[in-house]
Amino acid sequence: MHDEPLLSVSNLTVDLLTAKSAIRPVDGVSYTVRQGECLAIVGESGSGKTVMNFAPLGLMPTGVTTSLSGSVRFGGRELIGLPEPEIRKIRGKSIGFIFQDPMSALNPVRRIGRQIAEMAELHLNMTPRAAEARALELVKLVGISDPSARLRQYPHELSGGLRQRIVIATALAGEPKLLIADEPTTALDVTVQAQILRLLKDLQRRLNMAMVLITHDMGVVAGAADNIVVMYAARAAERGPVDKVLVTPRHPYTRGLINAIPKREDPIGSQFRGLPGIPPTLGAPFKGCAFAPRCDFAVPTCTASRPPLVPSADGSVFVACPVVNEGRAAA
Amino acid sequence: MNKLKPIFARLNKFPRVALVVIGLFVALGTFAPWLAPQDPSAQNLLQGGLGPSVAHWLGTDHLGRDTLSRLIIAANTSLVSVGSVLIIAMTIGILMGTIAGYHRGWVDDLLMRVVDVGLSIPSLITALAVIGIVGPGYWTMVLALALAWWPMSGRISRAVAVSIMSKPHIEALRVLGASPWRIYFGHLLPGTIGAVMVYATADAGTAALAVATLSFLGLGIQPPTPEWGQMLVDALPYLESDPRQVILPGLALTAAVIGFNTLGEAIALNRIPKPLTRRMLAMRRIEVAGWGKENSDA
Amino acid sequence: MIHFISKRLKHSLVLLFLASVVCFTLVVSAPGNVAVLIAELRGAASTPGYVEKVAEEIGLNKPLLMRYVDWLGDAVTGDFGISYRTGQTVSADLPQRMMVTGTLIAGSAVIATLLSLLLGFLGAFWPYKLPDRVSRGLALIGASTPTFFVGALMIYGFSVTFQLFPSFGFNGPVSWVLPWLTVAVLPAAVLSRVVRVGLEEAMTSPYVLTAKSKGLGRTAILFREALPNITPVFINALGTQVGLMTATGIIVEPLFAWQGVGDYFLAGVRFRDFMVVQACLLIFLAFFIVVNLIVDLAVLMTDPRIRRQWS
């Protein structure tokens, strides 16, 4: 089908089996990303964002066994159940990854040039020499000055912002159709966060890639994403176009998150308005709405059964909160 | 009884082989005099170098002594000398380590420099040098090995002591004006001893090797006291005709050391995540299956 | 670079000086009158005035500091005094013995390195599978078997049962094989675990996740990403093991009738021949220091993080 989205995740559930416990960090989540589109996945730390994006691609650390169900279709292919060698061909080549911490994402004892060039060798069948040339191009593309010198350096010789640019260059080296950026700015200095974000957005538009931007910061989403999925405790709380969700958030959790964004009119040094309470520790799936203990609108039925994602009147925004959907909470 | 529970819980984390072998070694060593079927030093030259028989289950050595009895008594020799070495070494090490960790500053620097030098010289060479000066003998051996061994426990106890001293409740005690003695004997020392004991047990295998090696060289346990290394060297001239007498003590010693080393390895590898065992995985899968699937999102 | 080497050299010299003081203390602490001992050994104890002559010869009458300076000066030029046992100079066949021990350590180090890399990679390639279990089992046994037992088994297996290699003597490569293997077993076992654990730890690090996300396969990740990261660690451990081989040599040299430094040291300890003991100790200590220096340099070459601090 010509119209099929590049990535379509439906009803994805991930169970992590570890020596200590079994947990379900992703519980029946669905979303789609089309070519050239950017989807933001927002939620507090520990809500399952990383697992949701990495587990289907076989990128979990050692020591855990993952068990997947549901469907993840990428470029018309079902990823769940695909054998590891096949998934490996997709990683790097069709999907590029950017990690949260550029300090540890690069190999400390290998030259930067090699770490970028090997991608071109592997995925574009380039000779080492051609790959080096491509690495140079890429480093220029991500806006690094004195690129040829940088290629000969080691990661510890660069600042965090530069390293993240190198990670981005590496992710682009295979000419991917989709970029998955897992909190790409969280570990960086506040001053460079905006630069990196702008760079990513710019590259995504210029190269017409799809992008999944994972973040815990609502403030990042506004200019960057087309659609948004708000995650809470392994589930999608709200999903829809950014302009709608940001302007008229409906789910109580989304409202809380947006209220927590520092505003310009805040007096300097005023207290950070985080959400009251802490997110739950994940384990077995929750009965009912996981947000109930922190929710101002909670009613007894909230904990009875899982609130389904229900489309709004115009069918664009989906909210998993019966209280809101039935119009009982004042918007 | 309840006090024993955490101990059992801790033991459960170690490989069972290690615990069985170590338990066997300690039991054999402790009860050796009652377990040995015959007098280990009773010679009978007419019955030298015999193969296994009803009278001598593992045969006899070239002097006609019962090999099984000698192997069993040797466990006792080994256990006692290794125990003495480790206790002396740990006492010195813990003392030096806790002092360094308590005082920090130049005392710490000086002691740790000494520990570094001690650790950089192979323990066999240190021990032999001491024996070279003082002359061979049982207690020379024990002291020489203790001298070679204390730097290890010194380093560990210093690390433990430093971490204990930086804990908030110690800081609070200090501010409240608790006497240094109370901090040292009430908190620092007990905490350190426990941690060092585990490492010392894991290190006992190497100490057993050292005792056997010195005895093999004729500078440790002296005949007629049976000891594995010394039994082996005694039988070496008859290697061609009677290899059993060489192999048996070697195997006994190796088995004991394997037990201790398995323990040490388990401790060292604790921090690396391992894939789940099949049983564990099955259990987790059942757990997950029980969660079922609620209605999910469109 | 130059800065690093000169700093390391200075450090080494200080250590060597300390070592020499320790060794000299050994000489001084020799009980009994050394001059009488030597005179007796030379069969001239009853000759009037001979004891005094010996005392003069070895400088017994000088103050301690002068004796140390003399002794150090001699030791530096390779003169380690007179053996209390034979009455002959200690240094006579030291070069030959150092050559023998050097052969032992060099060969064993090469074997241990190759064997440990092989075993370690086998394990890291198929973690927790059969090759890994075999490799770890071998490592455990190798690290737990006393060296003298290994030697006895080597002799029994390769010399008595299948007469492949001679069981004693230092006559060319064929006679070197068994001692080499005997000494190599322990370091190979220990180092294979360093490789195995190092690789496994490296495989759990974030940059390996990055490498996986780049689409690299397991072989490429092991060799390109993990191996360079454990090289400095491996070199360090190899240095320690090479140092330890001096001790293993003390057991193995006499076993195979090799006249090396270890064998000499052991004889010195046995007969409480202080001059021999301290000469060998000094050689051992100098060897440790040199090995450490080489290790530091090699680590400097292989770890860009450290290299940067010194460039």
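By letter and in written order, the chains are A, B and C; residue numbering begins at 1 in each of them.
We take it that a residue touches a chain if its C-beta (ideal position, glycine included) is under 8 Å from a C-beta of that chain, and two chains touch if they have at least 3 such contacts.
These are the chains along with the protein names UniProt gives them: A = ABC transporter ATP-binding protein; C = ABC transporter permease.
The structure presented is a predicted model; accordingly, all values stated were derived computationally and were not measured.
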Between chain pairs B-C and A-B, which one is joined by a greater number of C-beta pairs in contact?
B-C
If we define chain centres by averaging CA atoms, which chain lands farthest from chain A? Would you check?
C
Separation of mean Cα positions, chain C (ABC transporter permease) and chain A [Å, integer]
54
Chain B to chain C (ABC transporter permease): how many Å between their CA centres?
24
Whole-angstrom distance, CA centroid of chain A to CA centroid of chain B, is 51
Touching two or more other chains - residue numbers and ranges from chain B:
273-275
Find every residue in chain A that makes contact with two or more other chains and list them.
61-63
What are the residue numbers in chain C (ABC transporter permease) that touch two or more other chains?
204
Can you list the chain B residues touching chain C (ABC transporter permease) in their complex?
117, 120-125, 128-129, 131-133, 135, 205, 209, 212-213, 216-219, 229, 232-233, 236, 239-240, 243, 246-247, 250, 253-254, 257-258, 261-262, 265, 268-269, 272-275
Quick one: in the complex, what on chain A touches chain B?
11, 13, 15, 17-19, 21-22, 24, 27-30, 61-65, 67, 69-70, 235-236, 284-285, 305-306, 308-309, 318, 320
Chain A partner contacts - residues on chain C (ABC transporter permease) that touch it in the complex
203-207, 209-217, 224-225, 228-229, 231, 302-305, 308
Chain B-touching residues of chain C (ABC transporter permease), taken from the complex the two chains share
15, 18, 26, 29, 127-128, 140-141, 143-149, 152-153, 155-156, 160, 193, 197, 200-201, 204, 243-244, 246-247, 250-251, 254, 265-266, 268-270, 272, 274, 277, 281, 284-285, 288, 292
Can you tell me which positions in chain B touch chain A when the two form their complex?
273-276, 280-281, 284-285, 287-288, 291, 293-298
